[in-house]
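Structures are listed in the sections that come next.
Each of the next two complexes has subunit A plus one other chain: subunit B in the first, subunit C in the second.
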Partner chain A sequence: MVLNVIPSTSLRSVLPFLAVPVLWVMTACDDPNELTRRTGRPSDDKDGAASETAQALECTVKPDGRSYASFDGTKLEATRVNENQGVNRARLKPYTVLAGEYRRVLGVVPAGLAEAASSFDNPPARWHADLKHSGITIAKLFELSFEGCKELTKTGAEYGAFPDAVNAKTICGNFIRKAWSRSASPDELAECTELAAKELATEEDVRVRWAYVCASVLSSSQFLTF
Partner chain B sequence: MGKTLRRERTTEVHSTQRTAVVVAPWAGVHRLGPRLSSEAVTARSAQTHSTPRAAHRLLDPIQVMRLPSRILSRPLRISLIAALVPLLAVGAALMPKNTAHAEGAEADKAELNERCAVRLSIALLNKSAEPKELTSNDPQAAVDSMVASREFAEHFARFTNAHFNAAPTEHVDQDPVYALAKYVIVEQKPWADLFVGPYSFAVSGPQLEVKADPNGLGYFRYEPWLVRYAGNEDQGYLLSASFRLLQNTIDLELIPSVGVAGEDNSATGRQRSPCNGCHFDAWYALDKIARLLPRKKLEGEQVKMQPTTDGPQELLNKTVKDDKELVTSLVQSESWRFAQCRNVFHFLYGRAENQCESKVFDACVTALEEKKTIQSAVAAVAKDPSFCRN
Partner chain C sequence: MKHDPRLSRRALLKAAAAASGAAAGARILGPFVPEAAAATEPSHFVHILFNGGLNQLFAGWAGEYVSSGAFQVTGGNIREIGDGVVTDKDTFGTFPDIALQHWAGIGFMRGPDHTNTGNPNGGGELSIFRDDGINMSAKLAHAMGGDSAFKSVYFGDYPPSQRDLAPFEGITNQPIVDLKDVLGTVGAKPPPPNASNRGLGANAVETALRMSKRQIDTNPGRLAQLVGAYNSATEALRKPLPATPPLTLPDLDAAYELGGKTTHTKESAPNGLAWRVRLAGAELMIRGAGSNVVNIADHKIQSWDFHQTDTGTEKVGNSINGSLSRRAFLGTMSFDGGKGDRIKPLRTFLDRMLNLPDRNVVVCISGELARTLNGDHSPGTVCAFFGKYLKRGLMYGCDSQVRFRGDTPGVKAFWAAAAAATKVQGSPFGVNPYSKLIA
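For the complex of A and B:
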């Protein structure tokens, strides 16, 4: 994968750094060209980093595929974008699967989920629509995750212990493995441990503190996309 | 009516929107300032809900966020940030999925299989994966049984209905696309039957039943569908239905022009440049297609359809005698196969295929050509290793 350039810094310092692109994504929703600067104007591409990233997304080995002609002889495949395999995959999980996904990871379904359809623009009967991210969906997802995580952490001896460098690493690792269907990287574990042991230190209820850690993992793109 | 149309492909736009989710954390770091208009921030902040208390506590460090304080008031900033906390809190983890460090190749494979099972189940069945699927050694081996299921039929029928229509409708009788797509999948009929099959429809309680009808032409002769897309052409020609027929079969994308005051929108006006391009001169000439379809007739407030009397039309580079020959020609074309497999990619990936995926796309077309069913086309893409690679 070509996009792994996240700095290995503390969560506190990463937060403001990441807030910028997330906000940028949200504002860019109104103009998709903002995202890749595909406006066709050379002057748009002043940002060297953006160019480098865009280049890294491009197809490196174009297969020799078939050609498809329209009625007027136009080559239909000419409309394909120049993207590599596997780089354009983050698709938000639909509302209808969230119950199953929460059950898979937490063993429980947040009670509020059943009443939350309107926060996700759940499509009407006989219709389909991909879930779009918005302030509403993101806030609701965190709220639901936190609710489900509180159910999980209200029992279990491991959630009765205050986080430290050792137990946070284990519990974070377990949360991430379960929710993301993969093991955490050392950097990810460090960030999560930092969150549990330091950033959430003002939360006096230790089980609630673990619930916040859990909810953070469940509110990440690694869990929310498929 | 201002029905001048021009061709425009929007696939790339759709695709780049999706790319953003992956790319944005790195690509947009330096771009905040100019993009954060106060209106945009206010609009997005207004959408946020409250979040649990510690989330707000977590936000305090974000006071150092490099947002211009003159743009955001503190309440706005807090509410906006509150909505972002879930993403930010594990922002460091918003990384490519193969950064994992599982113990050994076997564990890596197990994790990859688990992610593959999750993806397949949601993409094909719109549901979370079953426990036994999560531990499967080869999740893609289940694709054939998945596409043979009722859940797939429901999911793909909904997808097709949404792709072929402009907006959802409350009226079940106006949704023949959904009913027939589901029927064709469940009965394992050729996908072409959706467009040219001998069927008609009847409302039965909350459902629209599909019935055999030798005079049927997919759903294109079903009167409620014709009424839904009757449009407002002054002589009753179904220009809207003509476009919809082309969009459904070969994914032709046209955008209506905005008419200007005093513009002649009659057939005479449409024969003048630049309207004639789409309406009379192109291989898909909308007015000529409309002359092969029934014509709208108003009886009081009721819209009725009456048979066409215009005779054969020069279309698709030949003389086409009626709507059946028109749709059959479209469905037998390369454009139709291409459009249906592009739909398959939209269904499975949420975007069109890209240049790097042309071989997988070709496999989809081959499956559609040889096995005829949409299940086989979907399976060709979903079973390809690239679908579960990361």
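For the complex of A and C:
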């Protein structure tokens, strides 16, 4: 058997094409929401902050699938939701995993969590129903997160400085990266920074001020979902 | 308050009204109500649904069955309330005087496509709460106006008929699970010493919503309802704590015999206790949070769907739904879900709510289907409306053969009646055909 040696010229011409998919995957994996996009769909703006509408979440290419007729002649696929791959995947985390999640992010579990099971929606037994949060639950989650975040921010030199536009960007970015397991988009970072630098001025305790910021990140849907 | 064009539409309208001084020191009634027409007392609509159907004899039509003895109705177990309203003596017949004086029984057609119950894809319950895809409870809450942070809420959703309804104008139906959380959020109890500052907490929650926008946009199926939840939490936290709590947990515990329980899931509060917690919770949401619409469902699937007949064979023979329902209402059944008196707490609730001097509380008790003589489902249903401004009587019910008239109104008419009873301006649900009783 003779091995065909790949000419170096051919290798050089192939390498750029090999690199592109790797770069794309790296970018896509950094933000799970990137994986919702097919080629040929309206592209994101350069900073990756999409403003997709429900229409944009629809399939752009009709799938090749079988047609199934019901007993009355209606097509079963007629009521199939026109939805692209990868969208509508987020689901709210149940109460039972929150202790582990808080420990992962904060290193501690808020003491109030142990008694908070009854505060969470509990879909009926033997019904397939997704968890729902009410305003009461969101307020409760915020308080639990605030309690835990105060434990985090009571130490650490970075939380000893009052927030400004510069350090808020760094600390917000770190909070988000830890809590959401991905980097913040520019819009998300801007919102967090705005809160830290401008909307908590009446809190005199600087470390508590950072606890509000941390709790806001943990109250966002990106932490509350999987 | 930070001004941001990306605030919810509801918040923007409120901000505009406040800036113009139109609502200074007064309640904000929503975008469609001229200030000159502002009501002087807030209204609230409570819908109590007995899943599986409320037998029409309880809703006021017991008189139709005395001569035949259908549903075990006799001259000895009924009470004639007046104006044609006749009901079961030992259950609904024990309601407080104010309920008996202002009892409007109405019937409407739910439609044959929804004859079954317990079907989350289109059962009888959904045919009442959803019409042409519209979340009717949320629509009513929107039409009622007001500035409650929790405009449409529900207790118990079994089988699920509330949880997946789409928002209406940003209003979602929100599940209420634990009353002690409600007390804290609406400020009906003082916060613990280490709690967050409510205003700063509101800023943080509002920011959380903004940070969540992208994910919510790309996951609308499951996360769209979060927008209403975030907004409610923010609005509740922004409200100042009342100088005097409107009511306390000890008040509710004493009135409804909660025994310290504040949750109403089956596991935490079986049978009658869950029911009592839900009624107490409804009162809390009305008096503490100003909720416009409160839905309460009894806590077990098809617990009122008694098909049994005197032959033991379904749909063959005479229905014994009347006696079984009576036993279930009085909590004398042996099986899980049939225990626990429903009537005494309901009596307490009606007495406390209908007699509130500064609120117009309208309570509607219904099921999603009337019961046929052989124990099956009727395509129509009946409900009993109670409210201090309602007249007493019956309209568009079913006869002794459980037949509804051909001109019996549909579901929209039910909501038109609810809107009229709660003094909603205009006709957001169309004509109210029950205006002789409910206006």
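By our rule, the second predicted complex is superposed on the first by the 147 of 226 C-alpha atoms of A that agree within 3 Å, B and C clash if a C-alpha of one lies under 4 Å from a C-alpha of the other, contacts with A are read in each partner's own complex, and residues count from 1 in each chain.
One rule holds for everything that comes next: contacts are C-beta pairs under 8 Å (C-beta built on N, C-alpha and C of every residue); 3 or more make two chains touch, one makes a residue touch a chain.
The shown structure was predicted, so the numbers you read here are calculated from the model rather than taken from an experiment.
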Touch count on subunit A, higher of subunit B and subunit C: B
Subunit B versus subunit C as contact partner of A:82, first or second or both or neither: first
Partner chain(s) touched by A:100 [first = subunit B, second = subunit C, both, neither]: first
Touching partner for A:121 - first (subunit B), second (subunit C), both, neither: second
Touching partner for A:69 - first (subunit B), second (subunit C), both, neither: first
Touched partner set for A:164, first subunit B, second subunit C, both or neither: neither
Residues of subunit A contacting subunit B in one complex and subunit C in the other: 33, 36, 49-50, 53-54, 57, 83, 87-92, 119, 123-125, 127, 129-130, 133-136, 138-140, 142-143, 146, 184-185, 187-188, 191-192, 195, 199-200, 202-203, 212, 215-217, 219-222, 225
Complex contact set, residues of subunit A against subunit B: 1-6, 9, 11-12, 14-30, 32-36, 38, 47, 49-50, 53-54, 57, 59-66, 68-72, 76-77, 79-94, 96-97, 99-101, 103-104, 119, 123-130, 133-136, 138-143, 145-146, 176-177, 180-188, 191-192, 195, 199-200, 202-203, 208-209, 212, 215-217, 219-222, 225-226
Touching residues (chain side subunit A, partner subunit C) in the complex: 33, 36, 49-54, 57, 83, 87-92, 118-125, 127, 129-130, 132-140, 142-143, 146-147, 150, 184-185, 187-188, 191-192, 194-195, 199-200, 202-203, 212-213, 215-217, 219-222, 225
Subunit A-touching residues of subunit B, taken from the complex the two chains share: 9, 11-32, 35-37, 40, 44-45, 47-52, 54-55, 57-58, 61-62, 64-67, 80-103, 107, 111, 114-115, 118-119, 121-123, 126-129, 131, 134, 155, 157-159, 161-163, 168, 170, 172, 175, 178, 250, 282-284, 316-317, 333-335, 337-338, 349-359, 361-362, 365, 386, 389-390
Residues of subunit C touching subunit A in the complex: 2, 120, 149-150, 153, 157-160, 163-164, 174-178, 181-182, 184-185, 194-197, 199-201, 203-205, 207-223, 225-226, 228-233, 235-237, 262-263, 265-268, 301
